[in-house]
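The same subunit A turns up in both complexes below, where it pairs with subunit B and then with subunit C.
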Partner chain A sequence: MGGPRGAARLLLRFWSASLAAEMEYGVNAAVELLSVLGNLAGSLFVLSLFFRHGHDLGGWSWDQALVVLGIYTLLDGLTSTLLQPNLGALVTHVQKGTLDFVLLKPVDSQFWLSLRIVSPWGLPGVAVGLVLMAVGVVRAGTPPSLPGLALALVVLVAASLLLYSLWFVLAATSIWFVKVWNATEVLRATLVAGRYPISAYPAGLRVLFTFVLPVAFLTTVPAETLLGKASAPAVLAGLLVAGLALGASRLFWIFALRFYTSASS
Partner chain B sequence: MAMIRALGLGKTFRVADKQPGLAGTLRHFVQRRHRDVPAVRDVSFSVEPGEVVGFLGPNGAGKTTTLKMLTGLIHPSSGSVEVAGFRPQRRQVDFLRRITLVMGNKQQLIWDLPPLDSLRVNAAVYGIDDAEAQRRIRDLAEMLELGEELRRPVRKLSLGQRMKAELLAALLHRPSVLFLDEPTLGLDVNAQARVRSFLAEYNRRYGATLLLTSHYMADITALCPRVLLIHQGSLMHDGSLAELTNRLAPCREVRLELREPLPASTFAAYGTLEDLQGRAVRLLVRRERLTASVARLLAELPVVDLEVAEPPIEELIGQLFRREPAR
Partner chain C sequence: MTRRRSDARAGAAHGLRIARVLLSTQYATMLEYRAEIVLWALSGVLPLIMLGVWSGAEASGGPAATGGLSAQALGRYFLSAFVVRQFTIVWVIHSFEEDTLAGRLSPYLLQPLAPVWRYVSAHLAEQVTRLPFVLAMLALVFLIHPAVAWLPSPPRLLAALVAIPMAFALRFAIQWILTMLCFWTERAAALERLMYIPYLFLSGLVAPLEAYPEGVRAFALATPFPWMVHFPAQLLAGAEVPVGRGFAALLLWTLVLVPIGWSGWKLGMRRHSALGA
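What follows is the complex of A and B.
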């Protein structure tokens, strides 16, 4: 591939090809935009129900909760842009046996399988998420300092990598089970819990969303960092969990490939 | 130095041993039982640079498994394999740059886009700069007789055009070892011939080594001076197609038309009588005695017409496989 420049050139080719392919189906754009806006309206409505009666949501104000919702919308947009199309393609590769072509390319297979396709229809979600975050932060009246913003960015990137790792591991199990597409849908549905601050949930769910499905690290911790209300241990834990998950996804892929190369026919 | 070397190559798969029906499913779920099935056993051969070798065998004989071991897609259970000086299963970058795999039943081109877009991706994958990629595409397209098709979405191409574009995509990095699994599968006779002449030309021009499997004997006879015959996972023949024919069919069939009917006993001196219908006679004559027998037949009997037939290779191989039915 020839170092970072080669990788960048390849990524550019990957994405210009997949954008061209997506343009063959123009109606998708409208549908996807509608679905993002519909989802958002639903979430905003539910949020407003909580706050109308003066409840606070587990210690979060309306504006602060908007930041959480914004981060969720952003991550969901990224899911539609990169995770869903690529990891869907991985499942198809396994079903059709075309994974062989990927494995015979002089390119890291995890790189290829994670980034080959980009779908523009998730980008409205990303944009709406960013706007929501900005509005929430400004209205909450605690604009972050420049270092604070940088740290929040790092935590957000970590959250995205964590989400990616979960998806990738799940998609990689298709090497054994072939049909895992429903499992990723379940994951996506579970992550909907990340729309609201984690402290808004009952204690039992809070434990589940922190330690089993790390929803807390996906949206709540980044939002806290952005709002300057994060504790240092939470931020560190967020970074650590993301790092571990990424490493685990790598090891799991190597393990899956070892199985594939010894058992497939 | 040999380009491909396989030594005692073997592959055994573990397969689930499950009885049919619901009860069988449940029993299997509780107590999984597995069976080891050897797909390839003790296969040894070596291929020199620039050779074109045909890989023959019925479905399930172990051809694809062997090809996958040679490309490093599956790890051998036993024995060793070396391609272009590399151990394929390590899938090193320098190894992957030297080889290619073409599968007639699978495609790597992006379905919704013209082949040129996939070719641009492949150029980046192999780090080929744009000018060089353009030149290679032009050369290969000319050899393949591809033109405007490269600018049309793959889904709108005919099977033959698609296969040619697949070949172009698989050869853009100019590999020196080509593994081709049924490259002419499903193509019409013309397209088959085009692919065949292209492969011969590629071999000639770049000195590439080719190992191909095909169900179409015409591919093998046209391209492969040497064939490997694999059956039930074992190598049964390694040599020329003519040698294989001789081994499988030591006799030729001599068909005679006589001026008048003769008794059956007359023919014992010339060969084995296969069929006698009045003036039409069919004799089996061993190859090494063929010339002598034919000369004597013409000299000693009232022959009106004489014809020597070589049994078709498809039929011979078919007979061989029927003799030893697959498990």
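What follows is the complex of A and C.
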């Protein structure tokens, strides 16, 4: 593959080609933009309902909760930009037997399958998420120091990798179960829980969202880091979980390929 | 006179037979897709997640924070909303789009049955397939959380069992109107995604309408959305609801929207044949 330089050059090729293909649909852009703005207005409205009579949601102020919502919106945008189109294509490759062609390419198959396509329609979500995060952090009055910002960036990248690993493992099970795509809908539907800080939930759900479905590490811990209220163990756990998940996704892919008997046999 | 009456009776019997055959074949098809239907049902967990957040808010701020709903009332409301949503999910726009693209619509038109009934029966058959799974999920929640378990009073249960199919009919009519745009544009499904936004935030899926500020609630009640989730859910949950007004709103919106969908179909057909299909 020619090291990271070669990988970056490949990505540039992939993405410019898929963007050119998508840009043919002008109406889509308008609809996506409207949809992102409508969802933003709705989410802000629902969040405001929790602050009508009290001043906090599980110990989080309005501005702090905006950061959580921002990170959720950002990750959801990333899902639409990269995870959904690429991993959807992975399922199709298995169904149609074209996975063989991917495996024959002189490129790492997990890399190719995970990053081959980029869809611009998730980018408005990414932008709105970044704005929400910035507004929340500035208004909360605890601007992070430069090292703090760097740490928050690392935790955010870890959260994205964790999200990617969840999606990838689920999509990779299509080697055995061909119609796995509905399962990713379930994943997306349950991750909605990440719109609110984990402390807003009752104790039982908090355990579920930390240890079973790691929603806490996707939005709450990165938001805490950004706001400078994260505990060291939480940050470490976040990084560890992401690292483990990424490693597990790699091992799982190698394991799954052992069971892939290709289209002709 | 007697002849006309026996004709009508024969017609009704014929219609019933068509309905029975359609429903039983669609049910057999849906059984094949059981695994997928379970996953679809699971992806409707939103009301249960929102129950989590709202119960958290109630635990820290008391019923004042939730528009006067106690922890128990919240649990019943969101569980009912979950059930209502499960039996009012409509996806006709996606299967219609697929059928038109695959060229399946034209052979359907040759049959002496309006294609809409084919889609309606597919939805009803899918609901029957869903039923055991929804009951199992409810049983699980009641087992974990016996405090929210309740049995609706028979009149309330009956009213809810009438309101839920009415809500389904209204939701179907709304999506059918958008579906008819498939004849003119390839982006009809995108419009449905836009329509989903007010449905999501005004229907009561993510928050009980009782918790809305007065102005927003009045606005929501003037739209068809809350009658499709909030009203049947509160009927089932046994809360105070304006029963007459709810049924009147469901009926009125359906009566307004069904003719629009019907003319959409007529216009669409004209365009379809103009295209030479």
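Everything that follows uses one rule, which is that the second predicted complex is superposed on the first by the 260 of 265 C-alpha atoms of A that agree within 3 Å, B and C clash if a C-alpha of one lies under 4 Å from a C-alpha of the other, contacts with A are read in each partner's own complex, and residues count from 1 in each chain.
Convention: a residue touches a chain if its C-beta (ideal position, glycine included) is under 8 Å from a C-beta of that chain, and two chains touch if they have at least 3 such contacts.
In this text the structure is predicted, and so the values were computed from the model without any measurement.
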Greater subunit A contact set [subunit C / subunit B]: C
Partner chain(s) touched by A:Pro106 [first = subunit B, second = subunit C, both, neither]: first
Partner chain in contact with A:Phe14 - subunit B first, subunit C second, else both or neither: first
Subunit B versus subunit C as contact partner of A:Phe45, first or second or both or neither: second
Touching partner for A:Gly6 - first (subunit B), second (subunit C), both, neither: first
First, second, both or neither for A:Leu34, with subunit B first and subunit C second: second
In the complex with subunit B, residue positions of subunit A that touch it: 1-2, 6, 9-10, 12-14, 17, 20-21, 24, 96-98, 100-101, 103-107, 261-265
Complex contact set, residues of subunit C against subunit A: 35-36, 39-40, 42-46, 49, 52-53, 55-57, 59-61, 64-65, 144, 187, 190-191, 193-194, 197-198, 200-201, 206-207, 211-213, 216
Touching residues on subunit B, where the partner in the complex is subunit A: 13-14, 39, 64-65, 68, 71-75, 89, 91, 93, 96-97, 99-101, 103, 106-108, 110-113, 117-118, 120-121, 123-127, 153
Residue ranges of subunit A in contact with subunit C within the complex: 25, 27-28, 31, 34-35, 38-39, 42, 45-46, 49-50, 52-54, 56-58, 179, 182-183, 185-186, 188-190, 192-193, 196, 199-202, 204-205
